[in-house]
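Everything below concerns the one structure shown next.
Order of writing sets the chain letters: A, B, C and D. Residues in each chain are counted from 1.
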Amino acid sequence: MILTLKSGVSKKGIDDVVRQIKKLKLKAHLSQGTEKVIIGVIGPNAAIHREIFEGLEAIEAITAISKPYKLVSREFKKSDTIFNVRGVKIGGPAITLIAGPCSVDKKESLFEIANAVKQAGAQILRGGAFKPRTSPYQFQGHGYKALRWLQQTRQMTRLPIITEVMDPRHVSTVARYADILQIGARNAQNFFLLKEVGKAKKPVMLKRGMAMTIEEWLLAAEYIAAHGNHEIIMCERGIRTYETATRFTLDLNAVPLLKQLTHLPVFVDPSHGVGVRELIPAMARAAVAAGADGLIVEVHRSPTEALSDGHQALLPAQFAQMVGELRKVAAALGRTL
Amino acid sequence: MILTLKSGVSKKGIDDVVRQIKKLKLKAHLSQGTEKVIIGVIGPNAAIHREIFEGLEAIEAITAISKPYKLVSREFKKSDTIFNVRGVKIGGPAITLIAGPCSVDKKESLFEIANAVKQAGAQILRGGAFKPRTSPYQFQGHGYKALRWLQQTRQMTRLPIITEVMDPRHVSTVARYADILQIGARNAQNFFLLKEVGKAKKPVMLKRGMAMTIEEWLLAAEYIAAHGNHEIIMCERGIRTYETATRFTLDLNAVPLLKQLTHLPVFVDPSHGVGVRELIPAMARAAVAAGADGLIVEVHRSPTEALSDGHQALLPAQFAQMVGELRKVAAALGRTL
Amino acid sequence: MILTLKSGVSKKGIDDVVRQIKKLKLKAHLSQGTEKVIIGVIGPNAAIHREIFEGLEAIEAITAISKPYKLVSREFKKSDTIFNVRGVKIGGPAITLIAGPCSVDKKESLFEIANAVKQAGAQILRGGAFKPRTSPYQFQGHGYKALRWLQQTRQMTRLPIITEVMDPRHVSTVARYADILQIGARNAQNFFLLKEVGKAKKPVMLKRGMAMTIEEWLLAAEYIAAHGNHEIIMCERGIRTYETATRFTLDLNAVPLLKQLTHLPVFVDPSHGVGVRELIPAMARAAVAAGADGLIVEVHRSPTEALSDGHQALLPAQFAQMVGELRKVAAALGRTL
Amino acid sequence: MILTLKSGVSKKGIDDVVRQIKKLKLKAHLSQGTEKVIIGVIGPNAAIHREIFEGLEAIEAITAISKPYKLVSREFKKSDTIFNVRGVKIGGPAITLIAGPCSVDKKESLFEIANAVKQAGAQILRGGAFKPRTSPYQFQGHGYKALRWLQQTRQMTRLPIITEVMDPRHVSTVARYADILQIGARNAQNFFLLKEVGKAKKPVMLKRGMAMTIEEWLLAAEYIAAHGNHEIIMCERGIRTYETATRFTLDLNAVPLLKQLTHLPVFVDPSHGVGVRELIPAMARAAVAAGADGLIVEVHRSPTEALSDGHQALLPAQFAQMVGELRKVAAALGRTL
């Protein structure tokens, strides 16, 4: 249920409404726009208390939310969510480009790649410190050491950093280093982890689980929002289908669909979604043309030496060429990159 | 096995090679380029006769084809296949736009839609005469009557027409009316139908079966090519996955992948691949950005009255607006539309 | 809409009802039980004529059918459909066992396998004359020659035969040789073929398409029934999923579900549904335990020499051992085999 | 790499081998059989040290493990793993029956259900304390309170208990109450959770992720084994496919396949794998016939009042009837239940 408050409502007027919500053991989610204050009233059976709110002076309108997800739905908030990560605007007309190695393997090569992708136009650096690997005998990431390397690389390049967090016990530490916390596909319904990043003070990129419906994905985002964190990026990264010629099937249908259903920014990861180096630039262009607000792409100096997923990393030169093409596609659609 | 003949080989030299191929009970597929003549030698165990061909005077080089599909593979023919349908070039740098109603329901409305899509930029008219319907109680198409209406519409609008053929017994008749024969997703492995259109003298659009791998799809195209028809359009139209928010999952990964594996033109059908009207323009743009050589789109004057699939038809005005956007994306990639 | 006629209704009473149905341009499907006569009234908007039938003397009750499939639904006919194939009862408490080679490759080996599977307990012989093959360069079956071999084998062994028909033009000829016509997975929505076997006077086994929902499958069966052929076997043979360790994913959920939704007999093909020889007996047992009315299994004397699908054929001795186990499972459930 | 030690090897001989393994920074996994001692040598590139082990006196044979999973593979251990949970033998010829409510909602009803399923033949009680729910607004389980209720129910009924653990921070506490720790489908690749239960001293049931291949699943089990816990139950619970008539597609192919690939016990959860009450008994029978070593089934007194998944819970009377049928199927296969 959404309460739209009257224009010019006083601080006390807002507080009264919030107090009433809490009295009913419901949760209040405030969204203060430039003109209007709206409050999401969330909880089981919130709707049955509608009449109580109808009686409150400060309230202009009450709207039901028909979807099972509430705070992340377009019904709750009509305008696109835009937020700022160390000066990089996420979710607005400018398309955001995130690039870097799959996993952080050496400090020196991280520096090099960071410089290369920055020069090519990337605005945020990706790099895995904790890596979810199918086998316990595969390289699991350099962990905290890699976080420090990422931090040093940020100092040098001024690129904000995004890195994956896999364990609820790591969230507060990773959040100290990272500018965006990434939830990977295999943890997209790891609900205690979602709750924990919901309490963190850093934006979260939520990758789609490989067999997750759009509705389940939005409900996973709702877990994060319901715990207080509204700065969420939805990232399509391919779903699992019967097709084996590509690593996953990149579901670009999800992009315009999500733009309709949610106010959150929608990104695409063509590296995982295709998994074949030569095809990635074409699908990055397609993602932009479908309306994606950003891309996250794997880049490596010498993909054959990468400790994970080398076959899907672009070389810096390929990345730079791709950015040039993406800029043209973005411009054709009235966006920048 | 591919035989590349020496430059300037005589007619007799070619005939000798072909005679030798037939003597071995193999099939010869001639491809006469501007500079070179190449011959595909197709048949079980063709490779074991390599030595015989090595001895022939006219032959410059012999190359094995590693893929299970031969004639449709890039290995067989490096340059893109381009062909002409009543003046419309398919497969070249210009992107082809096919539009029209799902099924032909009334003659008058067909005229109207044809005029509307032509004006908006479509170069070929689509319209179903024989309709594959899930239920025997659904409208099955107006059949031969609809073919005559399509013919009349072509006379009026000069738009070439594409229509589906579902039964091997119909192929010769449908081929008399249609400019392109369409094989639908449900018949993509109807091998006797594939053989029959392989013998027809009209280009064929082969839609992807809804659970078909890329390799199976190329092998289905190979059925057509092996029976003599080399003018084939591959058309991605969405695959069946667990996701239910869209009708199918449009697999755009298939576009750059096919461009790598085959010399045939690659089209996309966003109408079936998404199945939700509002999302179709975004996915049409994405298809073009991914490298599609053409699009086939459903347009209807009053979708709610359509006898099939109205929910995924664009209104003529929506179509016209979409074409404008597509032109910008095409131009950004150095193509025209 | 189902019309239940009064007990003891006269021939004339029935004719009157049928005449009325035809007058409304609807189709009448008569089902004459031992006690009651029921008539399925099928056609677009059949339900709007309900009142006309309410006025007819001969009619006891009128029932709507809620499912999109009508004649094949349990609503239309509560008791299991049982029919007779040269003395073999299909659909009753006795479980039917069909076995034989994937494709008929040599006459002698067909004889041998037929004798072996008969001795082991098979009641019907399978063998492909026309083979749907992914590649045009694979063995396509011996066609009419193989049909004659099957006929001779029947004369010798008294085993009725089932074989696949792929082309509507072949139906009448194949029906002269075969006792059951098989529609393969790739043709499960080849609607003109379904219509043609619907007019044939032989029972039809309808395999599930590899991406077909249960409802689509029942609607495909409805195509056959609506054209007059009510002797249909539904055969689950595995669906296509992301799992690659087995050839397909055998969906045994379909067995109890179909028994609920339709009165038709439900068979299982574990050979295609698993595709790995060693695992087939376990899944054949599971199919019987799930309630299957029959099995169709590939058996070959020397699987490595088979011209198709040798890796999933059981050796005659393995088949015989499996039958012994299946008999125990059947007995445990109060059925025979 | 597996080292088989000579018969009658001394304690010191074993210790020498283990010391050598550790010196190479590899891990030693000891498996002491009645006749032989075998040691799994696990680590990246373990195989390159083969020669060092060939020189050791105590070693009889060295075998490579070809699969990516090692400790859980049949290659590592040929005989079935059998273990004991408070007197209930898991993995042997007797089939284990686990039953109980989806989530523990009230103490009294838990007592009642526990008594009912015990009387009907269940040997272990299931009940969710922490529930993974798609929406943050659904009932999330009674948590620690429910664990205490489960403990009290065990005191009363003597039924060992299994319950899900979702957060690595909960493992040690849940392990104090539960006899078996359950890892749910959504956490099947939550690697830090897997590592944590790998260190716990309680058996683990690892449900299959809903888009997990058999190989990925065995590698997830390997995570648990590699951290020291070898008492693992693999539980098939349905995979996600395009079919929507059932909740998931129960992949019984996985049962005989896993029995071939791993020595671990294989269970089936027909409740989630089908999701439709009426169809569950048939699929439970099929699971036993396919070779499952156990079943886990949801039972509820009044499914319509259940706080989660009521539509797939059996009533106690239905459960009791099903057990009777399962006993017959088990007996037919030479097993008990």
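The criterion applied here is as follows: a contact is a pair of C-beta atoms (placed from the backbone, for glycine too) under 8 Å apart; a residue touches a chain by one contact, two chains touch by 3 or more.
Only a predicted model underlies this, so the values are computations on that prediction, with no experimental measurement involved.
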Farthest chain (mean CA position) relative to subunit D: B
Distance from subunit D to subunit C - Cα centre to Cα centre, in angstrom: 38
Distance between chain centroids, defined by C-alpha means - subunit A, subunit D (Å): 34
Centre-to-centre distance between subunit D and subunit B (centres being mean Cα positions), rounded to whole Å: 50
Two or more partner chains touched - positions in subunit D: 211, 240-242, 244
Topology of the chain contact graph, where touching chains are joined (line, ring, star, complete, other): complete
Residues of subunit D touching subunit B in the complex: 240-242, 244
Contact set on subunit B toward subunit C in their complex: 42-44, 68-70, 132-137, 140, 166-169, 186-187, 189-193, 209-211, 216, 219, 222-223, 226-227, 240
Interface residues, subunit A side, partner subunit B - complex: 211, 213-215, 239, 241-246, 249-253, 255-257, 260, 273-274, 276, 278-279, 282-283, 285-291, 325, 328-329, 331-333
